[in-house]
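Have a look at the structure that comes next, please.
Think of it as A, B, C, D, E and F in the order they're written, each chain with its own count starting at 1.
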Amino acid sequence: MIAYAPMFILFALAAVIAVAFFVGATYLGPKNQGQAEHNLPFECGSESSGGRQFRLSVKFYLTALLFVVFDIEAVFLYPWGVKFRSLGWLGLIEMLGFLAVLIVGLVYVWKKGALEWET
Amino acid sequence: MPSIKLDGKEIPFEQGDTIITAAWKQGVEIPHYCWHPGLSIAANCRMCLVEIDPMPNRRQLVLDVLQWDPKKGDYVPGRKPKLEPACQAECMDGMNVKSESSPHVRDARKHVQEFLLLNHPVDCPICDQAGECKLQDYWLTDQRAPKRMLDEVIHKPKAVEFGDTIVYDAERCIVCTRCVRFMEEVALDPVLDKRERGNLGEIVVSPGRKLEGHYTMMTDHVCPVGALTTKDFRFKARVWFLRKAPTICPGCATGCNAWLDYDPRTGEVPRLRPRDNLQVNKFWMCDDGILTHRRAQIDRVTHGYVGRGGERRAVRPGAALEAAAKLLEGKVAVVFSAQHSSEDNFALAQLAKALGATDFYLSRLNDWDGDKILRDADHNPNVRGATAAAGGSPKKLEELTGASTILALGGIADIDQATLAVLGRSKIVAIAANHGPLTNVADVLLPAASWSESDGTFVNRQGIEQPFEAGPRPAGDSLPAWDVIARLARALGHNLAFNKLRDVRAAMDARSNQNPAAAAPPPAPAQ
Amino acid sequence: MAQPLVGKIQYDRVKGKTVPRPTHTASEQAYFVEVVKGLGLTMRHFFKNTKSMLRGERPDAVKDPLSEGITTLAYPEQKKVYPKRFRGIHRLTLRSDGSPRCVACLCCSTACPAQCIYIEAGEYPEGDARRGYERYPVKFVIDELRCIFCGYCVEACPCDAIRMDTGRHPVPYDSREQFIYGKDMLMSLTSVEGKQVAENPRHEPPDPTHPGIDRLKGAH
Amino acid sequence: MSQFVIDRLKNRFGDRILETHSFRGDETAVVAPSDWLEVARFLRDDAGCDMSMFTDITAVDYPKREARFELVLNLYSLHKGHRLRLKTRLFDEEQYGDADPAHPTRVPTVTPLWAAANWFEREVWDMFGIRFEGHPDLRRILLYEEFQGHPLRKDYSADRTQPLVPYRPEAKDKLPPFRVDEGMPFGRRDWSPRDDAWSTDDIATNEAHLGEAVVVDPAAKPS
Amino acid sequence: MRPELVTLIAAIVKIAIILGFVMTMAAVLVWMERRQSAMIQDRIGPHRADIKIGNKRFTLIGLLHPIADAMKSFFKEDFIPPKADKLLHSLAPILSMAAPIMLMGVVPFMDTLCLQSVRQNLWAEVPRFGTCAAASTATTLPPISGQIVDINVGILYIFGLAGMGIVGATIAGWSSDNKFSLLGGLRAASQLVSYEVAMGLSIVGCMMVYGTLRLDEMARWQGENTWGIFVQPFGFLLFLTAAIAETKRTPFDLPEGESEIVAGYLVEYSGMKFAMFYTGEYIELVVSSTLVVALYLGGFHVPFLHRDGITLAMGDAMLWHKGLPHLVVIALQVLIFFGKVTFICWAQIFIRWTVPRFRYDQLMKLGWRMLLPASLVNIFLTGIALIAFDRSGLATQDTFRTLGDGFNWLVLIASVVFVLWIAFGMVTPSKFLSRREEQLARRSLPAKAKAEAPAH
Amino acid sequence: MEPHDYDIDEDDVTLPTEPMRINMGPSHPAMHGTIRMIVDVDGEAIRNVDVQIGFLHRGFEKMCERGTWNQVFPYTDRLNYVSPMICNIGFAMTVEKLAGITVPERCLWYRTLLSEVSRLSDHLTCNGAVAMELGAFTPFLWMMKARDHVYDFLEEETGARVTHSFARIGGMAKPPNAEMKQRLEEIIPAVEDILDEVEKILFKNRIFLDRLQGVGAITQAEALQYGWTGPTLRSTGVAYDVRRAHPYLKYGELDFDIPVGTDGDNYDRFMVRHEEMKQAIRIIRQCMQRMPDEGPIDADAPGIVLPPKQQVYTTIEGTIQHFKVIMEGAKIPAGEVYGYVEGGNGEFGFFVVSDGTGTPYRVRCRPPCVFTLQAFPRMIRGHMIADIVPTFGSVNMIGGECDR
């Protein structure tokens, strides 16, 4: 466990620095002037029109789904990559099979238009 | 009706009219300096020269002249018809006159203009006439050329004081003698004259005398250039900033028609000018009348005031209105004003009716020295109008013996100490444009607009109803008096439906239709 | 939606010169090549300018604003030389005796489209040689904040009394009142060359050039 | 230059072209409001006129005339290079209402002919208060919704102020020596306070001491 | 002394160095970015913040500006929109700033320091090959690794923590109660996850070649063989592109998209919170540069500098050798590593000021349709090449090793030439004025042209 | 939840999303000139746009009705404030047309030259802003540097960098500087150099091209329906340029090309403006050659043009002329005309009505950019949020001109 101690020290320090900045600013800066307009979120200088709660375009979620798919698979590639030289041809071919599935997936999404972001 | 042709336009005339007069009556202007419709003919400026076609079977007068030929660069002999001054040439039926349409006339005017400007100082920047100066106007319409003379101009006396009111600048003078003729013919006091000749000519006052009397300021008015200026208006304003409104002089019962010149930016009224009305004042006004413009500025009531003497303090007019409403109880004596318009007085009469008051008085200025020219002995502009509006014959203020409350209109009035003492025993609500003896003892003082700031009507001594229009916006918090009265009525719970002046006038018309006797202005009170 | 114009549009009065469309060459399509070329250009600027900065050979932006190199100014320390015609804040020119040339004719405030000039005319006091002859500005106020620096007042002045050749612009003050320049302030300003008098050859009574003729001295 | 367009119009419409004139090379034709759309359509579609380009639409206010507004449509032919100004005269809707056939106050929109007219007719509505029948979206365009009046009318005085709409900072007075009205032919004089000052409501809180008392010598006569 | 304690102390020292470096770099980069862009754009750039001592102003070529900015940030109003989620809104900047700092934990900035025996080894040479022995006795000290967190899955650590930065930007956008922020947050999330895929796949090639997940071993492999950029040129481009996209800098600055969505997820941040995002961004820039350096530019490796000193060689032929003490070698490595990182940052700033920004769909297409397939192809090609290399004869492999040395020479010569070019450039005067004269002469008015009739 | 077969018609299974309504402007970095767009977006794609103008409305037309004719010039400066000289000259020419005045030859050349210099500053600003808003800050600042050269020149000529107020009815406020041509000979090459560099850094960069190509495209027919003029119309292939179609000033005698595009998209608009700058430089060179160095600048019209200052100071006639013009303003005969010039954005027209007094009865400005802006919703619908930026940039909406 001691091997990971520096990591936690680093984490702690990073957090401390960030929080210190944060807290410093919170106490040093002037406080809110309390005007109604002052507090409004920025809408380019005019009052907000349209609702705030809405359903977002499905494209954004699709990206996240794709990310999960491809990133997880990428993680599978890492140990393979490290051990690739010892695996040789066999490893390459096996991984090609794995990648083929991945590529088929990519082609499918592509064809389905999930990679079209216009309109 | 006989007629002449001027530049192809048919101009009818009456027997004895000169060309320029006939044209003037038709609204056609022939350039001129020395001619004035109200004065005798001098024909010395030569600006109004016109070309008159010879009558049938007459030979045209033609002159041999040298003309400049720009091609040759030299003068060549030429001929041109003899031109005649339009101010002196009497109209004859069928006469064909060429003014604008004749190149010779245009040429003549150009040269006359050049001569008149030959020794003129470069004074436009400091001259009060700039903007309404005929030299400027005719330069643009008739000369449009730069100077050819290179010599130093002749210098003459400047800023000569002709009297207590008039300053004379000989350099600017074109010696048209309008002022000389005015003093002689209208003011009947030939105190001015001309001396020297040619470019040394100038106007002088008779030795040992000053330019004085009741009609001095008209000399400035008749002066077509900036030679004569009044001390009153001197350097006060630039005329091109001023707007004008048709008004009636509030100085006396003559009711001279006048232009109210005011500055729309500041609301100042720097001068009055006579407005032509051949029935009433012809072309003239007296000095005191011209100076009534000061009433628009001096001693103005601009706020509401509550309290008397040392306790008096200025308040918002609404507060004054409230205070006034509280005072107006019991037996109310109403004082009309001969200085206010018929509408103001009428509105007051309506309020009096609503209050149930029957005790009517009239405040006024005492008589002054009238003359046979313009000035009437009655120093008030609207005695007849106010009397008519009051719906009867209001009593003199001196006859007032006591009242719990007095509702008074108008600040400008002559009140002797005894009457003032009597008045002072009552509670007084005054509505006034100017401070005066009555307002000084008022418990509540409401600001009213001056005559210059509101529309209205004066009835002059001849019984002519003369409407006048507002110039600047009401000063300070003030409002036209009829409006103040209407608001006071509302504050008292009575509804006088006077929102616009035309409401008041409509009510007046309605009353006069009902009661023709009240409509016709009663004869002037015998005094 | 409106129906579009029918028919083919032929506008044959004028022949246009068609601008080229992008060529889509391989090097353009591949992003990197052109980006690297662009990097070359920006680096050229960078090295050139850095070098001139470090070597202190930066072109003088005041004297040589057309240089390829850095041409911005470090403003308050370095100031651009304004051209001759530059319309700066106003000044009132003076006569030889130090009084203002202005005769309060109000031409400038007439011509001013922003209405930023306020003048009150007055007569010279008793005893002054110019009394009666001329007026002078009792008050001459310019609201430099409202002024739009169009130069119309200078153009409108018949006496060469107001000028905008001070070569200054109004300093950013911190209150509005400070932008309101009174007569004394305006009279104290000088032109770029340091002059305060005008070149108007007009004669005034106290000037030696004025003939000074009046009824007593005059020839008649 | 484009006299023949006028001739063509006269041939086609005869007396319905009320007036034509040519000044400094600009040709103008005046029609009745009822003919507005038809003439405009003819100008666009006729092969000889071929006014393909909408240049501008605006109005001019002549308050002394009975039909106070003059609606001005400027057209241009891209192919033929000529221009024409088409005018019509309208009455004030605020005075005559919109139903009086003897006093037409509206014209049909030309937006179907030229899409460009859309915003400019909105502007004419905004500035003059002239409505266009059938306009798809007749809102104010340059001014805000709460604006009162139509400012390019001659009787809208240039110094008129508008009431504040909420969420605007307060207007500040000008500073001395520029008092409220000084130095400007049109001031930013606020019209409302006088009425407020004269109101008798809420006196107690509003009472203000405005100045010193003025007492005039009774003997002094006003001039 | 107990080895654990030594490791701990060493770790703290390393953290201090890294933190010092990162925080300094963040400030310096702010200055660099502003000053460098000024130079590119023919401006002066920031040079006004000063310290007055007596009558003298010290502006330190504008370096005081970041300090002034930081101080100003502390004293600015801290603004939270009333309807915002206050917790998340406050958490976002902390995450955005802390995560990149943590990322620096696995970056090797030096070779393993063999502390085994201070008196003997630190000032002496150590053998070129072989690793340090672990602490065996009570008196010997353990070796100090070149990174703070000595774990064997460094790359995974990086990818794991990089996700936190995404979270920071996304929740910033989400919690701000502002539509622009929301769009920015969404854009940030989409963009970062998309490019993370491409980035993750583009370095598989590196792992295949280096055969490790440890960044220090990767660096060491590059030192022994040749730099990654030469064995994975294609992968380098892919990784660099993805890395720039991950740092959200132009041309990939859509989440902020100044002219489109105002400032994206930063719209509702002010004062120090904004500064924290800002700092975080520059730290990210440093981190991505360190990764580029560690993966492709030899990490702390200097051409021909080995653990035992400088050895100029070409293949098996050793040309020159100079032994150097261990501490000197390590110090040189640290310096050169930081130098390389700075250089890469400097180069990235140029990219920012040269190219315009992508559009959202173009960006996503580039990520998914170009970089992702390209990185798959890269994996495939690398695999084939590696197998071919492994299967080839010794001679071929020797040739390649010699080629590796050749690349080392290339790097060395290029660096020297670059330095000399700059030095030479600095001593010659600028050519501005003479060139301008030429231009004026060249471009003066053409000879009087005939008055041509108008074209129509 | 029902199971879906994802291969069936996609419209049935697409989740209904609500458009998000965002305000772009009035104070938005891309909305230079203060304009508000209410944009309905679905994700990043734009469903609808409502463009609202008027934030910079100053009542230009109302203000013109209260001053003298010459007092309109400062207002025209603020119409198209990146090429104010063209507005100045356009108004002067319109009133001269109404008054029937002809200005001297030298003034015509001078005005032509100044117009083209102004066009240079207009297009430099517009193209620079397009590049800047796409994130390419560097070329923008280079172009600003070039524009600064142009402004320096204009400042030397007129006395102010932007608000020149230089034209007068019947002439110009001042004659050209003695060293004007020499200055131009220095400035023009510097501007050309910068244009070259901008070409190098932008014109082959795929990111830049992708952002412009095919975005905001409009057909010729639609452009004409919307009444477009100027570079935006020419980008669709219609070679309508007032300078050629109705030559004014000296354009009829000059040799220059009218650049036109083919597709009417942002790229074409950008390129047309770029090419126009080169043509403007060509025109400036010709003007420099052919403009006479001597001769009057003002027309001979005493009631309209101010006299020389020396006459004002020394002679009463000069003073009177001066006062007449200052007090009452130039009296323009009653009538109404429409005058037009090729402004930075297209046909810049003034419809002027005079009632014969010194004050304009009605001044109407035809703002070319409003026509282009009106078609903006049509151009942008279906594109993405980020496309608003280059499209709006290439429309070159100038607040002062648009809102008046």
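Definition applied: contacts are C-beta pairs under 8 Å (C-beta built on N, C-alpha and C of every residue); 3 or more make two chains touch, one makes a residue touch a chain.
This is a predicted model, so every value here is computed, not measured.
In terms of the stated touch criterion, the partners common to subunit B and subunit E are C, F, listed by label.
Counting only chains that touch, the fewest steps needed to get from subunit A to subunit E is 1. Nearest to the common centre of all protein CA atoms is the CA centroid of chain F.
The interface with the largest number of contacting C-beta pairs joins chains A-E. In this assembly, B is the chain whose CA centroid lies farthest from the centroid of subunit A. Set against the Cα centre of subunit E, the chain with the most distant centre is B.
Subunit A and subunit F have Cα centroids separated by 45 Å.
Subunit B and subunit D have Cα centroids separated by 36 Å. Averaging C-alpha coordinates per chain places the centre of subunit C 23 Å away from that of subunit F. Of all residues in subunit F, those that touch two or more other chains are 20, 22, 28, 44, 138, 145, 186, 190, 193, 201, 205, 207, 222, 224-225, 238, 240, 244-245, 257, 313-314, 319, 322-323, 327, 384. Touching two or more other chains at once are residues 52, 78, 81, 114-115, 182-185 of subunit D. Among the residues of subunit E, those in touch with two or more other chains are 40-43, 179-180, 262, 353-355, 360-361, 455-456. Those residues of subunit F that touch subunit B in the complex are listed here as 302-303, 307, 311, 313-324, 327-328.
On subunit C, the positions that touch subunit B within their shared complex are 103-107, 110, 121-123, 131-135, 158-159, 202, 211-215, 218, 220.
Taken in their complex, subunit F has these residues touching subunit E: 20, 22, 28-30, 44, 131-138, 141-142, 145, 185-186, 188-190, 192-193, 201-202, 205, 207-208, 210-211, 244, 247, 251-257, 285-286, 288-290, 384-389. Interface of subunit F with subunit D (complex): residues 52-54, 57, 59, 61-63, 65-66, 97-98, 100, 222, 224-227, 229, 238, 240, 245-246, 335-338, 347, 349, 351, 353, 361-362, 364, 366, 370-371, 374-375, 403-404.
Residue ranges on subunit B touching subunit C, taken from their complex, read 122, 124-126, 130, 152, 155-160, 167, 196, 200, 234-236, 238, 240-241.
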